[in-house]
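Each chain carries a letter (A, B, C, D and E) given by its place in the written order, and its residues are counted from 1.
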Amino acid sequence: MRAPTSRETRWLIVAALVVLWEFLPRLGLIPTLFLPPLSMTAVALWTAGPEYLSHLGVTLREVGVALVFACGGGIACGIALGSSARFRKLLLPVVSSAYAIPLVVLYPLFTAWFGIGEPSKVVFAAVYGFLPTLLGAAAGVQTIDRGLIVTARSMGATRVQQIVHVLLPATMPTVLSSLRIGGALVIVGVVVAEMLMSTAGIGFLISRYRTMLDSPKVFAAILLVLALAVVFDLLVQTAERRFLKKGRGDAAAQPQG
Amino acid sequence: QETVRIGLATQAWWPTVVAEAAVRQGLFEKEGLTAELTVYQSGGETFTALAAGAADVISIQPSIVATGRTKGVEAKMVALGANANYGWNLIVPADSEVQEVSQLEGKNVGITASGSLSDFLALWTIKEEGVTFNSVPLGGAGLVPNLISGNVDAAVVFAPLSFQVIQSGDGRSILDYGAAIPEHLNSGWAASDAFIESDGPVLQKTLNALYGGVAWIQANEEEAIDLLVELNQVDRTVAEQDYREQFAKLSADGILDVAGAQAAVDLAVIGGMTDLAPGADIVEDRFRPVPTQP
Amino acid sequence: MSKVSTQASASADRYVRAAIVVALFVAWEIASRTGLVDARLLPPASTVLATAGELVATPAFRNHLWTTLAQTLAAFVIAVPLGAILGLLIAENRYASEVLKPLVFFVFSIPKSIFLPMFILAFGIGFGQKVAFGVFSAIFIMMMTAFAAVESVKREHLMVARVMGARFSQTVRNVYAPSMAPVLLEAVRLAMIFNFTGILLAEMYASRTGIGNQIGLWGQSFMLDRLLAGILIVSVLAILFNEGIRVIETRIGHWRT
Amino acid sequence: MDTLHRGEVEVRNLTRTFGSGGQEIRALDDVSFTIPAGKFVSVVGPSGCGKSSLLMMLVGLSEATSGTLEVAGAPVTGPDPDRIGVVFQEANLFPWLTAGKNVEFPLMLKGVGKAERADKANAALDLVGLQGFAARYPHELSGGMKQRVSIARGIVQDPDVLMMDEPFAALDEQTRMVMGDELLNIWERTKKTVMFVTHSLTEAIYLSDHVIVMSARPGRIVDRIDVDLPRPRTFEMTSTPEFTRLRNRIWEQIRVA
Amino acid sequence: MDTLHRGEVEVRNLTRTFGSGGQEIRALDDVSFTIPAGKFVSVVGPSGCGKSSLLMMLVGLSEATSGTLEVAGAPVTGPDPDRIGVVFQEANLFPWLTAGKNVEFPLMLKGVGKAERADKANAALDLVGLQGFAARYPHELSGGMKQRVSIARGIVQDPDVLMMDEPFAALDEQTRMVMGDELLNIWERTKKTVMFVTHSLTEAIYLSDHVIVMSARPGRIVDRIDVDLPRPRTFEMTSTPEFTRLRNRIWEQIRVA
């Protein structure tokens, strides 16, 4: 029998998880309060479909806006900071220290300052995703071959040109990974902020139904968060296919690897 | 010596003080028990811990127990703590133009979380006072900051925070839920059916110690207020008010009945909750606490 | 740049950074004192600092702090190497990375606090549960970043090690580790922050001792001076840790021009 | 700009040290020379004598410790691709770009239109014998092919002064000769100033008007030889007595140095 | 192992293509040759004819498309550092290790003790004329110095068969000759088999027992020349008629190829 392809294995794992999710609670191995069977969750999602959809819309909008700031801004600032030894040494410590402040705990205050509507969620999630993206991109810049930058400089590349035409493509793998991390954190940030205080959004549903001990509805909302992550991952994968497959000689280096 | 794990819904709520007083007076030891106190973020978390088997006896409001029963978590109230929402107030900023509840029409009112006791009180207000306003979940830590910053026009605030806000002049009460809502089984202690069956004696001793704690608090005002100041890290005047309006009124015998439980469930229905077990299913009146003497 | 000027600029950087921090505190103080922001919502920096001093002098608080620190440290010691190694193993094996990378990403994008009840179910409440949740909070960012770090390893260097007969463990120690260092150290930093925040959240959720428990109380009781002081102390600890990493970073990164 | 000076290179009392304190290395010591506009000058000298360091300073990518450098009558303050183009010792190709795009790179920086860029790049690739390789990525090229792409990239910039650091090192003798003749063609057609670092004495004499001979560390100029062979140079000249005499003279200098 | 075969290299009907489908490139076409144990064989051929590809297959870093490769009587299945050592065309030094540690690297992999490692590395560095440079990092070395460190790293491994891909390309003529003589010394002392890729015909003849001449793409063997000059070789031999005759013969082959 031939070995399953990676895609098949992945589906096998997913299938196994689905089966476990269904039967662990059904067999009473996990109380349904902690994990309702998948079927119950799906039914909850289906019956409350319109409600979930409208809340998903809110979350999507917040995630979208926060992504622009967190990932776009994070990558741009990360590359700019990372490419200058001076700024890197001067500012990165401040930046990463700032991230050490547990923002989640400060969130109630955050809303007092920024209001309780969507902007505070967006700001929170953007800040939450911004720094890891920035740090990742800045670290990525350090690993690239200095010779390439020197070459571009010798050709008179301006600072912006260096960033766009050399640093960005050279750090593309790390940048895309940072994008992934930043994106995931933005999703988490928005949902957590909604859970903490809001009147709409997937996170709101999670905390509402959690307080009401309505687990199937909680997990239905979590399924939607997962769906968000899946969609985002697909987007990043598309970008990866577009930017990464070219020009990397793994084949020559590690044929048997 | 047996260990009993006591789950406490939030640090600042009265059961935490009661349990702590009992521990400090050595009442559990007298009963031959070791008490392990765990503080949870709110009632939901506490109840979840009970379901997970991480707590034996918890402080809780009956609506959660009634909901839990229909969700497969078999637990019952075993002793009465308070029969009204002592200390809960609907608070507006001190300089607010709002003088009475009806003026909140169309405004925003802060609650801790959707589906929580404060949500229920807000819904009760809507129903009983005939106003419509938006309930905005802010989390326990977000209530006062958002009230002060004007993000909400009023907030449903629990004790002793309510006393603190009023005393500091930041807020003004326009509704005292403790007085407004008829008596019912408001809150108390709960345990799982399994624990009730298998560890009845331990439960009895635990309740003895806890009500010994209540007795000690009610008999020793000065020291109890000292304890409140220490545990809740509040000003003495706040602790004094808290003592007067809450601890002095706690049930000393813990005796509960189905009628009180049913009243609680009925109130929860008014608050918009569905899928609740009947009052008779959520009380177990077998245990009559015999307060342990210090 | 010559060595003299690098050293000189390094110490100058320190002053600039210190100046930035001092400036922030001064701005905070002024904003609060002049009523630019509501002092009830942001107590003056001096008050918060004084409160922090009082807290640190309180034995009970120190006990809480130690509990949290011990948990954080234990989780850190487990999560960081485990995450880095798992990340490396997955990223280096094409099959494993195709199968597992998306799954890791999906778990990463779900708010971890949702899983807290399950941790109580599995571990009860206590040291072990806090550590487990800390590990759970940190390990995914560690893995995600390790994925990114692997991209920065030059294929030629792997080839050289291979042709010299390096075993996998040797390659990990002698080629992967130094190449991935800048990105991985960022990951360690982030992991520490996630780990710390995770443990704080777990303590706020349910605990007997620990600083999260205290912070929860202060938040719910609107004691902002103490809340901010507590957060300040936590942040200072995280920043100290950050600086520790920086020392390692400059020690092993000196070959980067 | 004074057209008489266009392309003139003037170096006076140039010294370059690396490192500091006890660890100081003097790479170049009091180097002075002039390359008149439009001349072809080769630099030869033992490995590590400072040829590349000299070049890096002349193209404005590193700073002199003391002394002055002027190109076309103006001091060198930074890269200026219109005046000076450079082909580095290492190919430094951008791995994410095809050979063609690599060659187009400097033109793209200058904003040259797409079609013109492609035409020029193809012409340059033809010149280095890589017709048909425009679509290949660097990792698909052999060592010598990479170096030739790098040469094409230098030529396509069409600066007044072209500096080349051992451009033919990775080429076989046959290709090397062909490329040398091509270079001479371009030089004669465009009347550029060329500074050419090489290790092949034959090549140095064959191509140049003057040969600068450097000594081992610290690099000093030990001789400057005028090659009075007529142009165009032919293969046959390499076996004339005059050629042999020049070759022996340089050889003696280098041996002693 | 049959000591007679120790070090024998045998290649039969070797073909190597890169890419697939319409984009297929044939780098080597039906190449067969034998290097008897203990012989010094050079390979010459135009840039891009497949010399490096051949080497990569012989050291087990890439797989033949068809045909067989045997070293010491056993087929090559993967890197085997005890049998075969290699010096790559590019220096490929580890930038985070000093020159000394780079040379020690293969010994460290084998578990050689610290002191012995350092001694051997220093001896090898002496041999390539880099005494006193052990503590330098690669970025502090000139192009030729890096290549010499890479040679020292190959030599220190002391395998039965040593494969070198244009090891002297970045060296000046003087250093090149000295290093050639050193290599011959080592070879004579240890009776290794050496396969030496070079672009210098003089060097190929001067060093070797046999010279294999390859044609341009697709790489085929067009000639195999026995060098019957006596050993030890001397500089004077390079101007003997026999030497010139051999040189011309190879030159003709390459020109045609």
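Quick note on the criterion: a contact is a pair of C-beta atoms (placed from the backbone, for glycine too) under 8 Å apart; a residue touches a chain by one contact, two chains touch by 3 or more.
Chain-to-protein mapping (UniProt): C = NitT/TauT family transport system permease protein; D, E = NitT/TauT family transport system ATP-binding protein.
Note that this is a predicted model, so its numbers are computed, not measured.
Novice: Among the other chains, which touch chain A and chain B together?
Specialist: Touching chain A as well as chain B, we find C.
Novice: Which two chains have the most contacts between them?
Specialist: A-C
Novice: Approximately how many whole Å separate the CA-defined centres of chain B and chain E?
Specialist: Roughly 82 Å, centre to centre.
Novice: Could you give the separation in Å between the centres of chain A and chain D, each centre being the mean of its C-alpha atoms?
Specialist: Spacing between the chain centres: roughly 48 Å.
Novice: Rounded to a whole Å, what is the gap between the Cα centroids of chain B and chain C?
Specialist: Spacing between the chain centres: roughly 36 Å.
Novice: Among the residues of chain B, which ones contact at least 2 other chains?
Specialist: Residues 48, 52, 141, 145, 148-149 of chain B each touch two or more of the other chains.
Novice: Using the touch rule from the top of the page, what residues of chain C touch 2 or more other chains?
Specialist: 41, 117, 121, 156, 159, 162, 179, 204, 219, 224, 227, 256-257, in rising order.
Novice: Could you pull out the residues of chain E that touch at least 2 other chains?
Specialist: Each of 61, 90, 139 in chain E touches at least two other chains.
Novice: Where on chain C is chain B touching in the complex?
Specialist: Interface residues on chain C, with respect to chain B: 38, 40-41, 117, 120-121, 124-125, 204-208, 213, 216-224, 226-227.
Novice: Using the touch definition from the top, list the residues of chain A that touch chain D in their complex.
Specialist: Answer in residue numbers: 145, 147-148, 150-157, 161, 165-166, 169-170, 172, 246-249, 252.
Novice: Could you pull out which chain A residues touch chain B in their complex?
Specialist: So the residues of chain A in touch with chain B come to 31-34, 107-109, 111-113, 115-116, 196-199, 204, 207-215.
Novice: Taking the complex as given, what residues does chain C use to touch chain A?
Specialist: Residue list for chain C touching chain A: 1, 9-10, 13, 16-17, 20-21, 37, 41-42, 92, 94-95, 98-99, 102-103, 105-106, 108-114, 117-118, 121, 141, 144-145, 147-149, 151-152, 155-156, 158-159, 162, 179, 182-183, 185-186, 189-190, 193, 196-197, 200-201, 204, 215, 219, 224, 227, 231, 234-235, 238-239, 241-243, 246, 253, 256-257.
Novice: Touching residues of chain E toward chain D in the complex: what are they?
Specialist: 18-19, 25, 44-48, 50-53, 89-90, 140-145, 148, 165-166, 169-176, 199-201, 251, 254-255
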